[in-house]
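In what comes next, subunit A is part of two complexes: it sits with subunit B in the first one and with subunit C in the second one.
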Partner chain A sequence: MSAHKALGGRIFTLPFMILGIIAAIGIYYMAQRFILGMGTVANINGGFPWGIWVVFDVVIGTGLACGGYALAFTVYLFNKGQYHPLVRPALLASLLGYALGGFGAIFDMGRWWQFYNIVLPGNWNFNSAMLEVGLCVALYILVLIIEFAPVYLEKIGAKGLLKSLNKVMFFFIALGVLLPTMHQSSLGSLLIAMGYKVDPLWQSLQFQPLLAVISALVMGYSIVIFEASLSNVSFGGKSETPLLSVLAKVAIGLLVAFVVIRMIILMIQGKFGLIFAGDFSSLMFMLEMALFIIPLFILASPARRQNGGKLLIAAVSMLFSGALYRFNAFLFTFDPGPGYSYFPSASEIMVTLGIIAIEIMAYLVVVKTLPVLHSSEQA
Partner chain B sequence: MKRREFLKKSLSTGTATLCTVAAAGSAEARENLKPKEDAIGMLYDSTLCVGCKACVYKCKEVNGMPPVQESEIYAWDEARDLSGDTMNVIKIYQDGTAAVKDSEVDGFAFEKRSCMHCVDPGCVSVCPVTAMRQDPITGIVTHHADVCIGCRNCMVGCPYNVPQFEYDDAFGQIIKCQMCNQKGVERIDKGMMTGCAEACPTGATLFGSRTELMAEAKRRMDLKAGEIYNYPRGDVRTPDSFHEKEVPEYKKHIWGETEAGGTNVLHISSVSFDKLGMPPLGDRSAASIAEGVQHSLYSYLALPAVALAGLAITVRRNTDDKEEEL
Partner chain C sequence: MAEHDFETDGFDFSNVANKLGVTRRTYLKFCAGVAASLGLSTKASLAMAQTIAEASKRPPVIWLHGQECTGPTESLLRSEQPSLAHLILDMISLDYHQTLDAGAGHKVEEIKKKSMEENKGKYLLVVEGAIPVKDGGIYCKIAGETMLDLTVEAAENAAAIVAFGSCASWGGVQSASPNPTGAKGAQAILPGKTVVNIPGCPPNPANFLGTVLYFVTFGKLPPLDEQNRPKWAYGRLIHENCYRRPHFDAGRFATEFGDEGHKKGYCLYKLGCKGPETYNNCPSLEFNNVGGGVWPVGVGHPCFGCSEQGVGFNKPMFSLADVKTHTPPNNFPAIDDRQQESGISPTAAAIGGAAVGAAIGATLVASKKLGNKDAGGDESSSSDDQGK
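Let's look at the complex of A and B:
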């Protein structure tokens, strides 16, 4: 039998209510966007058509939702289910992150009522990285629902269906590794066509997809380590740090790969000097690199690695490193030319905070009502 | 599985995956698209422009768009830049005392901003639903709102920030110059010229085929400053009229001849183009590089199909004995 249990307990706690208020404010502005147009809520303009709704909610949001991807990568490809206790919470976070990323894409879509045009093959433009992102993310949300379905089936006791689903699950797990590899790399490819608007330190052209995939995995691993440590603290489970530290070793490989490849690209493209230019871009680059290197220091030492608190710092740093890499490339150092600037409006930020609040609320409800978390004695 | 074995395996598989992505990613991109033989275009000569904005007014009249008013002086149209209400605008460069026309120092110059109708258009390349298209004969870059989903990738993919979205409309759409040939206007199909070229009193905006406009631009490059030249007006192939004017000191640069694959709308000027706000473009179009990457990764979905097969087999093998465990 499964060792997963629903946490139970009250759903309408004080933190839940506070999140509810934030969500309500977000929904209010979202409604305004649909009634009066995007311009009344968001500060996006002719030079910055992609503000935080695209860059944070979709580009970074789906990156942070790569926990399921990162774990599936490790668990099913190399390790025969050894990290099973972590799979379900990671899948849940991925499902919620991607679902809300998809929802974010819809309300950021200027002509959302025509969104179906992207699934009509007659319209497909195979030159477009955006097409790949759109289709692949939509498909992956379905795959995540299927991967998470056993949790619900277990709860309602549909044993027959559960058994047949488990027989074909290997195919969906495989898709669950392939699809994120595809669309996370394509998110990077979006930057290629933006040409000079992307700062030279981030415009790696044909290397964009590679860096995007590694940054997705870095964020994915960080979120798994982060969530497991955090849920252990707040739900009072036994420490899972021995399991986590093995995951951390994979993270070391990814961090080293990212930093080394990044430096090699800058050298190949003759942009190494820009790192030390001392301008805004170079400072952002150094900050970003620091965030990649700090967790490397923590994870590289076995002593520090066994320390739950330090592991948590490493995870948070990794989380910010991948997020900052994408923020820098798409927004912070993005320069469409003279006459354009962008800073998100309060209402625009509230929509994004509302989305995050909804995500956390949904996570809390699900772990309290469905068998997601692993019971502590077996962890 | 032992830890050592696990690490070894993860390392090798990870490396293999990354190598595949890297190999595909660094594959040779396609070349720039070439100008179409019968491409239609315009030549904007900044030195002839007097900043009257007749072209801005005419553009709005032809395309049924409202004027932009920003002050009490109702000067035709006060649009400062392209927007959901404006697809053609005249901007000004000023330096120091701004006393001398077409001088970089203590001078001023005008610059037209409208769709350049790229030979290798970024907006067409990035649009997921083919709502941006390039006419196979005229090379005009058209927009089709009936399929557009409003993702605004065309806006970030355009080196000139030309496509604009109607942000103030709950059901807005992308706005861009379609050389007055969109459905319901169809001036080019009817044998007419673009509104802006027709309205231009000095021939600063000249209409015609790209080939003939390029020849005219090159003729002007070869003129000596101070000479008298007979400048045509309207359509370069069949000018409405001519006017004689002293030749200015042209910068020997035809914008749109090579920039990112070239454009069908060409600009010439006495002030360098970076000062006029033109973007820092090389010869290579970003679209050609992006498409090269996309095609080497996804050609016939071969690479993803092979990867899926490999993944499915591996996952199957690794989950076989798991059922007993549970």
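Let's look at the complex of A and C:
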């Protein structure tokens, strides 16, 4: 009944082996972090308690894992069934992204063995944006597992279970739209709580949650385009460009909304001049804005939208723009006070790269063994 | 609108406002400010305002100058408020003041004696400047009499005695070693009398005015500390209210004038700031009523302890102060560790750069493949948008 098929084929290909080496190095440093402590591996300090492990693995990682969120919006909320072929790979990428983001949060915790306290309601502080993010992300991982469960159930042929699950699936799909909206906006609220430490160009106060959600959707749509394009290049098959180009149209709206809202906020707050101050913050702002505006130019013409190559460049530019927006606000222009500086250590970067490698490896294994990719994609 | 600013209990302040050449509003605001810095209620500020307005209560004042530079009088005359001097001179009947008297010579000495006789037990004695006691006090004479004798004589029937400035309070610069004239403060030569000390070099005019207003309004002296300084002004170490204090606790110090820490406004303790052992209200009151940190520490110079006996003019200017409060204990988190944090390692930069580069490179390759596929290979997408 399903149009999805496992890709099959050899798992231990050369790229897989190379990723394996990167993952092994990452795991080595992760082990070191748990045995010898965080200071031996990471450069984080009192002023920058959040290094790339939080900012990239969690803040940006969950943003990049918003493909499932974006597609759930499109397919189920707007009832655009034709995007169904894209849903399963997007859900898989979201699941892996969120699971590893959650794992990243644990090894970034100084006292990770206290982690279980977050599930004890007696310890909850309802004024905490962090609690909201933590609980919501944990819950969303469960929801993603349930949303993805049919893939596994199809594989093992549990037809009865599959049928009953499909009956209640609408509830989890609704949660799958609600939860990311909640915690992605809370990631913005974290910036409000950081107050003046956040550079004025990024401190939009009450608009932070809105910008965070829009940037999450931008990254969500672009990661779907990105991942479908790369699958197409690596695994071959029919071009999905016509489908993707319509998603790109949605992305245009989001990009315009983001840039316009951003500029209006800066004008209202009287910070427009800071854009042209010529210091590090202003240069980073211009680079970020360029990354937001370049895809707008690419996608503006229908001809370029129909070109898979151009579409991919636009998607990557959007991924970079969303990532840079979060990097800038949380890390690059973050100013915790005089005397503090931060640059990740080599081992710290290797841990993050190791996690990305594990993510890609897991993706490859799953698409080759479980019915994830739509059969029409395959030759 | 001004009617609602202060509840004046029906008292009409327009006279005093005319007399002082300030608006009624400015006048009442000033009194409220003085009361607030004394820690008093608005009711008290109103009482003060009323006292000043009722000319009949003006007490006579005898003002003596000893060994000094007239700094306290200068500071009082140059205060900016609805003219503090204006106020104080209007509020009191200044019968004798060597600097401000219009007359001169034996005539003014006669007036002084007459006033002291007429107002026995009612006049206010202000002493400004140190009193030399060596060799019978011959090192400071006014109209042929020594300052020592004049002070003792004037103090005999004074209602209250105020020593204004560090010299009068504890001897000031004259009393610094080797102290050739045996200079002493007023309290030292008036045993058994209560002398209110308002030290400082120069003292803050607001401290004098506040104390005198309190005395005139309530008929008694404000609460004093063990050195007879009004507690409202000298109750706290400068260190306690200093806005550079967080830098002290965090171990961030300026170590020489013009260094990075000095430019960033770090603590001046290591440049010899005597704030940790000097009791005064400079950090909260500042000087000249212009705001903006106009006081020594505020403009980047360490406090030199001008108002504190045994510190100002006695300790070398750049020697470390005796910290009267606690110093940050060693088990405070090591905030200054940040100085030793590791910078950018070449390996880390290389890996980070390689990762971003690989992502961009892979994108371009894939983009080209896809482009060829879709467009039949007519155009390669090599435009490098992310190549930064």
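The definition used in the following text is that the second predicted complex is superposed on the first by the 375 of 379 C-alpha atoms of A that agree within 3 Å, B and C clash if a C-alpha of one lies under 4 Å from a C-alpha of the other, contacts with A are read in each partner's own complex, and residues count from 1 in each chain.
In this section, contacts are C-beta pairs under 8 Å (C-beta built on N, C-alpha and C of every residue); 3 or more make two chains touch, one makes a residue touch a chain.
From a predicted model like this one, the values you see are computed outputs, not experimental measurements.
In the three-chain model built by superposing on subunit A, subunit B clashes with subunit C. More residues of subunit A lie in contact with B than with the other chain of the pair subunit B and subunit C. By the touch criterion stated above, A:280 is placed in contact with neither subunit B nor subunit C. In the superposed pair of complexes, A:134 makes contact with subunit B only, with no contact to subunit C. Judged by the touch definition given at the top, the superposed model places A:308 against subunit C, while subunit B stays out of reach.
When both complexes are overlaid on chain A, the residue A:206 reaches subunit B alone and has no touch with subunit C.
Of the two partner chains, subunit B is the only one touched by A:39; subunit C is not. By the document's definition of touching, both partners, subunit B and subunit C, reach A:339.
Of the two partner chains placed by superposition, subunit B and subunit C are both touched by A:47.
Only one of the subunit B stretches 20-28, 164-172, 182-190 or 200-208 carries C-alpha atoms that clash with subunit C in the superposed arrangement, namely 200-208. Shared contact residues on subunit A (touching subunit B in one structure, subunit C in the other): 45-47, 338-340.
Taken together, the subunit A residues at the contact with subunit C in this complex read 43, 45-47, 229-230, 232-233, 239, 241, 287, 291, 294, 298, 306-313, 316-317, 320, 338-346, 348-350, 353. On the subunit A side of its complex with subunit B, the touching residues are 1-2, 34-40, 42, 44-47, 49-50, 74, 76-81, 105, 109-115, 117-118, 120, 123-132, 134, 166, 169-171, 173-175, 177-178, 181-182, 185-186, 189-190, 192-197, 205-210, 213-214, 246, 249-250, 253, 257, 336-340. Those residues of subunit B that touch subunit A in the complex are listed here as 1, 3, 6-7, 9-11, 13-14, 17-18, 21-22, 25-27, 29, 81-83, 122, 125-131, 145-153, 155-157, 159, 161, 164-174, 260, 277, 279-281, 286-287, 289-295, 297-298, 304, 307-308, 311-312, 314-316, 318-319, 321-323, 325-326. Per the touch definition, subunit C reaches subunit A in the complex via residues 252, 264, 333, 335-339, 341-345, 347-349, 351-352, 355, 359-360, 363-364, 366-375, 379-381, 383, 385-386, 388.
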